[in-house]
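As written, the chains take the letters A, B, C and D, and residue 1 is the first residue of each chain.
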Amino acid sequence: MDAGPTNPSLTNDLHTQPMEIQMGPSHPSTHGTVKITLKLDGERILDSEVEVGYLHRGFEKECESGEWYQAIPYTDRLNYASPMINNVGYCLAAEKLFGVEAPPRAQYLRTIASELSRMADHFTCIGASALELAALTPFLYCVQAREQIYDLHESLCGARVTTNYVRIGGLQSDLQPGFAELCREKVAAALTLFGDVDELLTKNPIFRERMEGTGTLPADALIAYGVTGPLLRAAGVGFDVRRAEPYLVYDRLDFEVPVGSRGDNYDRYLVRFEELRQSARIIEQALRDLPDGPVDLDDPRFRWPAKGKVFNRMEELIDQFKLVTEGMRPPAGEVYQAVEGANGELGFYLVSNGTGKPWKCRCRAPSFSNTQALRDMIQGALLADVVPTFDMVNMIGGECDR
Amino acid sequence: MASRVVTVERPPRLRAVDTMGPLLIVRGLLVTARHFFRNLFAFMRGRRTIATILYPEEKMAWSPAMRGMPVLVQMENGKERCVACGLCEWACPVDCITIYPAETADEIERYPEIFDIDMSRCMFCGFCEEACPEEAIVMSQRVAIATTEWRGSLWHKRDLLVPVHELDPRLRYIRRGYDRPDVPTPAQTAERLEKR
Amino acid sequence: MAKITVDGTVIEVPDGSMLLPALLDHGVQVPHYCFHPKLSIDGSCRMCLVKVEGMPKLTISCNTPVRDGMVVDSRGPEVAKARQGVLELLLVNHPLDCPICDQAGECYLQDYAFEYGTREARTQEPRRKLLKRVDIGPRVVLDQERCILCRRCVRFCREISETAELAVFNMGDRSVIDTFPGEALTNDYSICTADICPVGALLSKDFHHKMRVWFIDEMESICPSCANGCNIKIGTARREIQRLLPRRNDAVNETWMCDYGRLRYGFVNDDRVRVPTVGRGTPAITATWDDALDEAARRLGALARTDGRALAAIVSPHLTNEELFVYGQLVAGGLRTAQRDAAIPLGPADDYLIKAEKAANGRGARDLGLAARSGELDLAAIRAGVETGTIRGLLVTGTDVWELWGERADIFERLETLVVVAANAHPLLGFADVVLPGLTFAEKNGTFTNHAGRVQRIRRALDPGEQPSDGDIFLALGRRLGMEIPPGPFEPAAVLREIVASVPAYRDVTWDAVGGLGVPTIEA
Amino acid sequence: MSDGEQAPSAAPAAEPAVLARLRVRFPDAIVGTHAYRGDATAEITPAALLDVCTFLRDDPGLRFDFLADVTAVDYLGSMPRFELVYHLRSIVQGHRVRVKTRVSEESPRVASVTSVWRGANWLERETYDMYGIVFEGHPDLRRIYLYEEFQGYPLRKDYPKEKRQPLVTVRDVAPEQGERTVAREQQRYGRWPD
C-alpha cells in the first residue's frame, strides 16, 4: 500500500480527539453539588455544560403545603452560607403581601443580621476559593472568622447556621443583653483575621496569576444572563438592590457599593473583600442607631401573641391557637420582593389566594442565574481557570435547586 | 441616599521582585508565625486563643439562646407538663412530632399517652417551643442525637422528659420575651380600644 | 318578598322570615351562638346584634322579623363594639382550656373571638369555678365551666329528641346546664347536643381526647348503618376514621344523626381482612389475589357448569348500587343462577331517623332486582336448600347471613363451596373455601339508595392502597367464569350510567347530580 | 416599602408609567394591569409575548435589560390553567415590571424569550421541568433539575407531594440518540486558533 504523507487516515490518526471529562458532582472544587462536563482540546476548554440539580430539596412544594410561617425554616437552607438574608427576604415579601411593616427595632436588627450573613458568605467564598487554589491557611483563617459570625448568629437566635430568626411581622427574639459589645468584638476579631488573609492572598503572585484576567465576561453579557451581585459589580455595574430599591433601613445608612474595573476573578475577589468592610461599617452604624422598642408587631392577626399572656389570658390563648393552626391570612394577591443576597438579587415571588397557605412561593435564586453564565466565562479558557471562576461564581446548591 | 458606588482599587501589576520565591515565603511565614506565637504565648498564659476545642472532653460554651433538641419539661411531681394540645405537632414544619392524647384522673384531664419525636427529621427550628401554650416543650442544649440505627432516632416520651431544674437556663432565656410588649394595664387597653 | 338594605346593598328576602337567617342565606357574616336553623329562637347569646335604622338600640337579628324597606347595618363600629363587649363577657369566665378542649379548632368562641373580639384581655380576677367532667350520660360528657349558656342543647332535647333531660339551673352568674336530678342524657340522639354545642361544654365521649380537629380530613358521605341514609362527614386522620359527623340535608336528616350510626365506624378501622385466604381450617392459607380468584372461580364454575340450581348467591345490602349491578351481572351471567336474595339485618326503629333495616342499601338491592321477588327462592328458601343439600355452593357478600341464619355452623359446614367477600374478620369466614377481602363504605366511591328511594353519593375517605374494590373482585370473577367483560378497572361512574340506562326508576340520576344532596328516584 | 394599598382591580388612572406606555403601544395585547402593593403588572396575551418583551427591552424609555425571573403559577381549576410570570428589571433606569401571560392546560406552549434575554435559557428550562410548559423556539429545552425519566411535573398542583417515582435502572439510549452519540464521538475538531 502506498501510504504517502497526504494520506487522510494518517492525519486523522495523528490528530488528537477532544476529550470529555466531568468535573463533579463530587469534585473537591465544586463546593455544592454540580457537574461540569468539559470538552477539552488539551488544556483548552472547547465547550462545557453545567448541570445543577443534585439536591432536589422540594423547597417550593414544601412551602405550598405548609402555613405561611412554616416556610421560614426552609428559607434558611436556600443559601446556607448566608441564612439570615433568606429569612429576611422571605419575611419582607410576606410582609409586603400582608401589608404590614415590622417595628423599627426589628428593621435595624434584620439589617444587622443580613450583613452578618453577608460577611459569613464572603468569608466562605474567599476561604473556599483560596483552599481550592491550594492555599490552606487562608481557609482556616476564614473559617475561624466565620465562626465569629456564627457566634453572633447563635447569640441572636440560638442556631449557628439554620437560623430561623426572622418572623413575619417581627423577629424570633429580642437581643440578649450585651449583644452590641459582643458584636463589635466579634466583627473586629473577624476583620483582624481577615487582614491576615489579605496579607496572604491579595498580593500573592500565585493567587494573582490564577485570578487575574480569568473568567472575564463583559457587563452587558452578564446583565443579559441575569447575573447580579459581586459578579456584576466586578464588571463595573454599580447595581445593588440595597441601593437600587432600598429595603429595611439601608437608605438611612452610609455605605459604599464597591465596583471593579476589569471584571475578572481578581476584581470579584476584591469586590467581595471590600463588601466585607462595608458590611462591618453597616453593622456598626446599625448598632449605633438601634432604637429601643418592641421587635414584634403588636397585631395578633400576624404575629403570635406574647407567651406570658397566652398562659393566663383567654383572648391571647385563642389567638395563639388560631394563628398556629390556621395561620395568618393575607389578602389574595401577588408580590415580588428582592433583597441583596450575598451573591446577588434574591427575590421572593409570593402568590396568595387568601388562605393560610401560600399558593406559590418562588425564590429567585441569584446562584442559578450566575451559574448559567459560567459556560461563557470559561469558554476557550484553560482547564485551570475553571476552579477560580467557579469559586468566584460561588454557586450554592441549596438555592439553585427547587 | 447615603450609598455611593466606588471603584475598588487594584494593586499595581506584579513586578519581577514580587514573584521572587524567598521573599514570598518569608512574607507568608510572617503571618503564620504571628499566629503561631500569639497562640503559643496565650497558651502559656493559660488563655487559649485557638478556635478548636478538644471535643468530647471539652464542650463548647453555648449561648443561652442555643437551640438544641426539643425536650419535654418534667415537673417536680415527675409528670410531664404537656397536655397533648397538639399545637407543636401542627406547627412542626417537618411533621416530626406524634402525639396520642389520653385522659387522666388528674386535675388537668389530658396528657400525652405517646409523645414521639423523630429526631432524624427534626430540624431544630424551635416552632414547637414557640407554639406551645404550656411551656411544656422547650429546646434544650442537647445536641448529641446520633444513633447507630434508625429506630434510635425515634425519641419517646420517657427519653424526652427532662426535669424542670435542668432546663432552668433555657426557661430563663425564653421567659425574657414573654411579656412582649409590656402587659398593658386595663386603663391602657381601654384607651387602645378607644383608638381603634 | 321584602327588600331590605344591608350595609348599603339591597337584598330580597322572603316575607316573615327572621333577619338573621335571611342575612346568613345571603352570605352576610353575622356571628351567632344560640340561633340554630332547626331549633326554636332563644335570643340568649346577644351575639347577633345588628343596627336597624329607626330602632333606638341594637337589636338581635335572630328574633327580628324582616320588614320591607328595613335598613340594616351588620358591621358598623357600633355593632363591632357591641360584639366585642359580648365576647369579652363570654371570655371573662371561660376557663383556659383550649389546650385540653376537644372543641379547639372548630370552636365558635375561638372563631368569633379571633374575628370580632377585643384581642386583649383586661381581667385580673379569678375565674368562676364550676363542675368539670360531669358524667351526664353514657355518650356525652359535660364541662360546666366552658358553657356559654346558649341553651341549644336544652332546646334540642325538648324539640327534636323530645326527651327534655337538660335544663338550665340557678340564676345569674351561677347558671349552669345540667340534667334533671335522677335523669341522664340517654336519648338516641344525645351526641347531637355535642355537635350543636358551639363551645366545648358538651363533648362526645367517643371522641374525647382522641384527635385534634385540625388534623382531621373530612369527606362527605352517607351513614352506612341504616336505611335512612343520613348525610355525614367522615373525619379521618392517621389513616383511620376518627369520627362521623352529620351533614345538613333537609330532605333526609335535617342536621342530625343517631348515636348508633355515629358510633358504628370501628369496623372500618379494626379487625379487617386484608389478604385473601384459601381453604377451610384455622388458620386458612393466605393466597395471592390471582390464586384466590382462580380458586373461587374454579369452585363456583364447576358447580355452575354441572347444575345451576346447586348455586346460590347472597347479596350484601352494604354494597353500593354500582357494585350490586356488576354483582347481579356476575350472578346471572357467571354463576348462571337465579337463586339470590339480599341478607338485610334488622333492628329497632323509631319514628324519626332510625330505620329498621340496618344496612344502607337494601332499597338499592331491591331496585336492582337482587332481592328475591315472589316465586323466587328467598333467603329462608336458600337456607332450606342448603340444609337439604340441593344447594351445594354459596357466593356470599357481607357476613350478615350468619346472624340471620341463627349463627348455625352446621348449615355452612354442609356446603361444598363457600366463597365469601367480606371486609372484617367474622366467624363465617372460618367456613369459607375462599375469602376475598372487601372494602368498607369509607374506602370506595359509589351511590346508596335510601329507604325512600333517594340516591346519594358516598366518597372515598381512606385510601385502601393496592387492595381492589368489591366491584373489581366481581369483574375479575366474571372474567374467570367466562363472561365477556372488557378489560379495565371498576369505574363506578360508568356503571351508574349503565344502571340509569337499564333501571327506569333511576333515569334522572347522574353521577354529578347525585354528588351534593342526592337525587330521588322516580316511583314507578 | 409598600405604598400600594390598592386592590388588584385598581383603576388604571393610577397605573405606573410603564403600564401606560405598554397600553398605548399594545392596546390589543394587554389583558389587564394592576399595581398591587406597588408591583407594576401587565397581563398580556401569549401571542404578543415576544413582541412585548422585545419592546420592553429596546424601548429607550423603558430599557428592561435584565430578566430577573421566569416562573409559572398553576391555578388549578381556573381557565386557562397556567400563568407564566416574567419579572423584569431595568438596571440602567432602575424600575421593575411583571409581565404575565396565561396558557391552557391542553396546549401549554408559549414563545421562548431566549432571543431577547440570554438568561431566559435556564429559567425556561426550569419552568418546563417543573410545570411542563413548552417554550417554542428554545434552543435546548430539556429537564434541568430532574432526570429525563421523571414522570410528571412536580410543581403542578395535581402532583402529590408524597408521590413516588419508579426506579430508573439502566438508562435506555434511544437508537437515534445512540447514533448521535456515536456521531459526536467521531466528530473531529480543529486545533484551537492560537
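Convention: contacts are C-beta pairs under 8 Å (C-beta built on N, C-alpha and C of every residue); 3 or more make two chains touch, one makes a residue touch a chain.
Fair warning: this is a prediction, and the values are worked out from it, not measured in the lab.
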By C-beta contact count, A-D versus A-C, the higher one is A-D
Based only on mean CA positions, could you tell me how far subunit A sits from subunit C in angstrom? 54
Separation of the C-alpha centres, subunit A versus subunit D, in whole Å, is 23
Geometric centre distance via CA averages, subunit C-subunit B, whole Å: 48
Distance between chain centroids, defined by C-alpha means - subunit B, subunit D (Å): 40
Could you pull out the residues of subunit D that touch at least 2 other chains? none
Specify, in ascending order, the residues of subunit B that touch 2 or more different other chains. 87, 90, 133-134
Residues of subunit A that touch two or more other chains sit at 62, 309, 311, 317, 321, 325
Chain contact graph, described as a line, ring, star, complete graph or other shape: other
Note: in the complex, subunit C contacts subunit A through residues 91, 94, 96, 98, 104-105, 109-111, 113-114, 117-121, 123, 214
Report the residues of subunit A in contact with subunit B in the complex, numbered from low to high. 62, 66, 69-74, 137, 141, 143-144, 147, 151, 154-159, 162, 164, 172-174, 176, 196, 199-200, 202-206, 208-209, 236, 238, 240, 242-243, 246, 250-262, 266-267, 270-271, 273-274, 294-296, 298, 304, 306-311, 317, 320-321, 324-325
Contacts from subunit B onto subunit A in the complex sit at residues 1-11, 14, 18-19, 24, 27-28, 31-32, 34-35, 51, 62-67, 87, 90-91, 93, 123-127, 130-131, 133-135, 139, 173-181, 183
Contact set on subunit B toward subunit C in their complex: 83-87, 89-90, 101-103, 108-110, 133-134, 184, 186, 189-190, 192-193
Flag every residue of subunit A that touches subunit C in the complex, lowest number first. 300, 309, 311-319, 321-322, 325-326
